[in-house]
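By letter and in written order, the chains are A, B, C, D, E and F; residue numbering begins at 1 in each of them.
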Amino acid sequence: MFSMQRINPKDTSYDDAKMIIGGIPFDGTVCYRPGTRFGPKHIRNEFYALETYSPFLDLDLMDYDVFDIGDMDLPIGDTPLVIDTIYNAASKLIKDNKVPFFLGGEHLVSFPCIKAAFEKYADLYVIHLDAHTDTRDIYFGNKLSHANIIRRCWDFLGDNRIYQFGIRSGSRDEFYWSLKDNHTIMRKFDLGGLSLLPDKLKDKSVYVTVDLDVLDPSIFPGTGTPEAGGITYKEIEELFLVMGKLNIVGADIVELSPDYDTSGVSTAVAAKVLREMMLSIVKNK
Amino acid sequence: MFSMQRINPKDTSYDDAKMIIGGIPFDGTVCYRPGTRFGPKHIRNEFYALETYSPFLDLDLMDYDVFDIGDMDLPIGDTPLVIDTIYNAASKLIKDNKVPFFLGGEHLVSFPCIKAAFEKYADLYVIHLDAHTDTRDIYFGNKLSHANIIRRCWDFLGDNRIYQFGIRSGSRDEFYWSLKDNHTIMRKFDLGGLSLLPDKLKDKSVYVTVDLDVLDPSIFPGTGTPEAGGITYKEIEELFLVMGKLNIVGADIVELSPDYDTSGVSTAVAAKVLREMMLSIVKNK
Amino acid sequence: MFSMQRINPKDTSYDDAKMIIGGIPFDGTVCYRPGTRFGPKHIRNEFYALETYSPFLDLDLMDYDVFDIGDMDLPIGDTPLVIDTIYNAASKLIKDNKVPFFLGGEHLVSFPCIKAAFEKYADLYVIHLDAHTDTRDIYFGNKLSHANIIRRCWDFLGDNRIYQFGIRSGSRDEFYWSLKDNHTIMRKFDLGGLSLLPDKLKDKSVYVTVDLDVLDPSIFPGTGTPEAGGITYKEIEELFLVMGKLNIVGADIVELSPDYDTSGVSTAVAAKVLREMMLSIVKNK
Amino acid sequence: MFSMQRINPKDTSYDDAKMIIGGIPFDGTVCYRPGTRFGPKHIRNEFYALETYSPFLDLDLMDYDVFDIGDMDLPIGDTPLVIDTIYNAASKLIKDNKVPFFLGGEHLVSFPCIKAAFEKYADLYVIHLDAHTDTRDIYFGNKLSHANIIRRCWDFLGDNRIYQFGIRSGSRDEFYWSLKDNHTIMRKFDLGGLSLLPDKLKDKSVYVTVDLDVLDPSIFPGTGTPEAGGITYKEIEELFLVMGKLNIVGADIVELSPDYDTSGVSTAVAAKVLREMMLSIVKNK
Amino acid sequence: MFSMQRINPKDTSYDDAKMIIGGIPFDGTVCYRPGTRFGPKHIRNEFYALETYSPFLDLDLMDYDVFDIGDMDLPIGDTPLVIDTIYNAASKLIKDNKVPFFLGGEHLVSFPCIKAAFEKYADLYVIHLDAHTDTRDIYFGNKLSHANIIRRCWDFLGDNRIYQFGIRSGSRDEFYWSLKDNHTIMRKFDLGGLSLLPDKLKDKSVYVTVDLDVLDPSIFPGTGTPEAGGITYKEIEELFLVMGKLNIVGADIVELSPDYDTSGVSTAVAAKVLREMMLSIVKNK
Amino acid sequence: MFSMQRINPKDTSYDDAKMIIGGIPFDGTVCYRPGTRFGPKHIRNEFYALETYSPFLDLDLMDYDVFDIGDMDLPIGDTPLVIDTIYNAASKLIKDNKVPFFLGGEHLVSFPCIKAAFEKYADLYVIHLDAHTDTRDIYFGNKLSHANIIRRCWDFLGDNRIYQFGIRSGSRDEFYWSLKDNHTIMRKFDLGGLSLLPDKLKDKSVYVTVDLDVLDPSIFPGTGTPEAGGITYKEIEELFLVMGKLNIVGADIVELSPDYDTSGVSTAVAAKVLREMMLSIVKNK
């Protein structure tokens, strides 16, 4: 009569599941309360109440096997150790031939996940939706922060491997750095060109990282640095179609900071994006 | 020097009025506070401060006779009795040759209103704007809930009488049920085809029920189940034009849950939708 | 590395546990969102972050065996069936010789729990902390609502069995009804006389039901009907001392409506009351 | 079946009523939205849901005749004209031998009401509860503002007529001005000495003006200038007992700014203070 | 190691600066707290954290000289004196050959600024973005309010000088008044025709006043009178391009009421609009 | 006519001032938005609007010389470097014979300030008000966090030098550690014994660090980890009296997290505590 809440509506086990959902409640802060570390819990609460059927994709989660392994326990205040812990967890999932889907947390959590994916899939490409460039080399003396996650991925991925969309904020240096040698292939402001990727990346391994602040703050106010001029929910639906035509080996959604949106809309949006991305991936597995 | 607040700007009496505004503060809950039962009061507060002139329609409420009869007193906790009470009130208004315009409350309140209208107007068609299908037969063992209001109307209206717009959430069964035998004519995601209705429904009686969550949560966060991917306010303005070309015999707006939007924008939107819908109807009466 | 959140800090199993924590996310409403049904989830989230040690009681939860069985799945909209479902679950726990501790939900959920306890413990007394009398016989035509939960318990417990504290709101009839024949022993406004109960109820079985709105709205604003003039947190600490001297066979805390307190303080208070009450009970088991 | 909401639970008419409730939704601002002008509407909404019986006073509003005449329509932006309009309305009520009870609005609205009372009752004394002195002569070049309402009343009442309680903020000059010649009899921080007033003011006419920010911000955060160190709700209950022993000829409660307290507690407190003050007055009329 | 926050990222002095930023924290209210008077402080707080580079304009504030002179000290409660004070300050800046950029405050603050500009630049044109007409002659007996700021400018500018965009609320009289003799050139609902102004106003002096409520409440809820149907952030970007082709002699943004948007998005939008408008102006100076 | 906001009401310079106010906007997080780093700005905004006169102390800030040097610029994400930077700034102030008064920020910022004070004043004692022990040695593998600030001070201060008040949360080990050898002199739950300190610490140097969460969450909800059962504002006033009898060489207030209290009360409380503490210190200098 009682039940613990699960993100997967079916009674799938870890072994049977193709896709594993895991929360990474990290926001790099030593204090207990604010921020994106509450993201995974809030997304779960909302996801549980959501329909399993997507009218947009005409797919139903009840037809697929996913498993929610809960949230990571992370050492507070020691960022390098946090990164290691996430990396080990992601590596384990990928070695087990799972498609991991991580719920952030701040954007930095994507770095060890992408690194773990790259070590298995040498042909890895990254699709990155974000309002911010995230390509600083050093940020306030720091090489590991939410502001240089993409730069750290470039360190091992190299040029021509990172597709950025929706970017509308950063320093001048960052924007010019991307242009040089195709460090990243950046599309400013919207998702233009996204629909060409299934052709370009055919037979490649792809990791998708979505900083939810790529959405306009009108529909996603619950994030740390809201940036006007973002894409609408209807625009991001193109991503779900594109993902359905790619070989996705990992994905994440990050930067929901639920306490900043007392209406709960941001969390509802995150949960819906999660469902659509999950369906886009698992239908091919 | 003092005055009680009225939704009609002129001193129209019940007898002189063509249109009657009434609140149905029901959300089916035994506890006092949360939810849509606060909708009518909040809409009135906001409506009172709104201009009476619509630049979009170039019409002014000061030119028409409407009367606000206040809110219904409803027995808490006994849903069937609530439905009966609403039904009797709506029947009385319709027998008095009024066009009733109800302010919800949850969507279930539309059911007895549409039933009362159907008993007078055998040629009744329903235009239904909503994010959700609302066509479950049984919902958690229940035949009378906000999740099956449209199904209950179909019970007596039959096929081909219900036009649904903006639908973007529901179970797979509900979506397929609508398709079968034109149980309902459903337009997913937007208002496509709405402008064709004046031709199709010429000389018919029409009831319009607007679940305000058809609007995108970016502009209408103050509702129980916000669902991303909705229509904008500019898109819903097409409804006002279409209504002006139809024979509207009743209407309602439901599902404003004002406490969930501390900015007050959702209530302001509801009040403006009310003004535009009222003008679209009364200009023909 | 990942873990599902548990309310018990140790890895106790159901079989080993003396006390079972269970959520009853019911607020009697047909619509998804508002109200006390979100209470259990929010209390869990907060409880997880709380210290296990109580400086006030000098006791630590790590020393005791408790088990969290999660939340009940309840049929929406059919109150009698909900009551039955809760009753069956509570009866099962009590038959298994567990001390159940329920997290509401609205106050009505206490009724089937107390009834289940009474059927095993014929000498059952109830200690009831609340801002409201809750002793109406009929409330808006309804015999089963949050406004008559205590009256329904009196139906089977009879006179002299219910101790009420902190009461400061109700109809005149309710207050006078309590006085007659000691229907209930009511203390208005505060906890005066509570410390005498260990003597009076020595060797009796006791169920404690705490409507958290007994606390002053200054410290507990997140509830459906806040009522000024309540007790402080330091005053309610007397309850924890008294409970430690009684034979408690069941308990609950109800009426947290977390969305009404965006600061999160109400939820933090509920979690702390839960810890102190748990410790007061389990130290004797 | 429908009804307009009334603050009086019985169907009393203006003519039959001893006490008249009227809202003065003024906060001196040219813009539509923020502030205390929303006070009367919010208090009404809450009052309507409140029990009519007071356990503290053991009195029930159903036994008395009060009438709610609604809110005043006030010219925006022209403070002197607003003051005149309030004055005329208050004078009319007092000439009709009513006891007026006004709901603010900002504190300045009390000035014309007290003036109108003084013109009928030459022996008028004022009891003033507030966090702030409100006795500046000129405030930013202004003689008529919420910061000098009490000074303006002193202009016509003179020394020894104004009893102030709970004062804990103001300029040094104001505090010293009060001391001089008993301009006002000021009690700082609490209600000490209030219980002596029934003896002192026997056979006198008394007007009671309560700036609700006299309450501690913990229980009344919804006000313009919250000032820590205020009185609790239980402390203000002494006022209700004292009022029951005085000849009250008018009263008001002011400075609820409901939008600043999203929990709704401040409004609930204001409604309860209103009920207790009403009962304290009408039981003698 | 410590520093006072400045809106200009470089250490420009007043004398070196082309553009001067100044706050006008006026909302015409006698009470301390609510409203647009908090606009300047909140915009500064947010602006400080914003990138100095605009990807949309490909310009960086680090390349230009601007100076922030802080906020005006204004006499509370005496509107004519406030207007004079603003007028004198604006005149001084303009005489010093600065381009002033004011941060409101309510819209009325634009009137003395535009007047000061007109006295130096006889060929002054005004571009006015707003949801509201603001062209009432008398508003509740008042000639100087946020509702007639544009009418007061017309008094001295005359016909054909004021371009209005985005207007979607006002009285019928106001809309018809604009039409007559081109009192103002009004574009309802959107920015249609804005791109033609560089041709029309070549060699003219232009003042741009942006009531931020021209934006849709979905992206800008934090304002006094939110009005659905506004323009998106991407639409307002056209203004920045157009301004870059005009001779701007002064500008302002008004009507941010930050407390009404607890998510902080409205303030973030205001700060970004400020940056883009600043860059559009200073690149030509 | 324009002015930058200052925390000192007089035009005191750094050289003339006895007391220096400085903000330390650090909350140890790599992301921009949430938390206590917004504390200093919010306190300043509120302080600016506060009366300079304290009725409780009968002292006026206008009579004393204080200087506000603004907020520190801190390197994000590198905690050891942040600590060094604060330490250097505090040392400079103390060497200049100033009494520094710091505005946090999280509690960790007190550590380098107390260390700097200890290096000048070998007889330093610390008075510590807090809800939490803060005496962990290692917290999640970390020796420098808000949870071990007091333990790090003990490292150099040694036994018998730290007086703790109001403590009501921590691990069992921490509470027992304090007892041992008088590591700290801890008073649980309230300020009992505080009034004895002027005798005990006569002729000693004293640093006062106030974690504002020592206050009950009813009056101070805007903090990271609200803990019920705290002291009231009237209780903390005893601290101001005691401080007036001690030789205070430095002080701070920390842990205001303003975004968690949308009513603004927490910030108003912090500003008032700041004024009273400032007056208690400067009256002796």
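By our rule, a residue touches a chain if its C-beta (ideal position, glycine included) is under 8 Å from a C-beta of that chain, and two chains touch if they have at least 3 such contacts.
Keep in mind that this is a model prediction, so the values were computed, not measured.
The minimal number of chain-to-chain contact steps leading from subunit B to subunit D is 1.
Subunit A and subunit B touch with mostly distinct residues; of the residue numbers seen at this interface, under half occur in both copies. Distance from subunit F peaks, on a Cα-centroid basis, for B. More inter-chain C-beta contacts link the pair A-F than the other of A-F and C-D. Relative to subunit E, the most remote chain by averaged C-alpha coordinates is C.
Each chain gets one centre point, the mean of its Cα atoms, and the points for subunit C and subunit E are 55 Å apart. Annotation: 39 Å between the Cα-based centres of subunit B and subunit C.
Residue positions of subunit A with contacts to 2 or more other chains are 32-33, 49, 216, 218-219, 225, 259-260, 262, 264.
Taken as a graph of touching chains, this assembly fits none of the simple shapes: it is neither a line, a ring, a star nor a complete graph.
On the side of subunit C, the complex with subunit A involves touching residues 1-5, 22-23, 32-33, 41, 45, 49, 69-73, 85, 88-89, 92, 259, 262, 264.
On subunit B, the positions that touch subunit E within their shared complex are 51, 53, 55-56, 60, 216, 218-219, 232-234, 237, 262-265, 268-269, 272.
Contact residues on subunit C toward subunit B in their complex (touch as defined above): 27-36, 75-79, 81, 106, 108, 139-142, 144-147, 224-225, 257, 259-260. Across the complex, subunit A is touched by residues 167-172, 175, 188-189, 216-219, 221-222, 225-229, 260-262 of subunit B.
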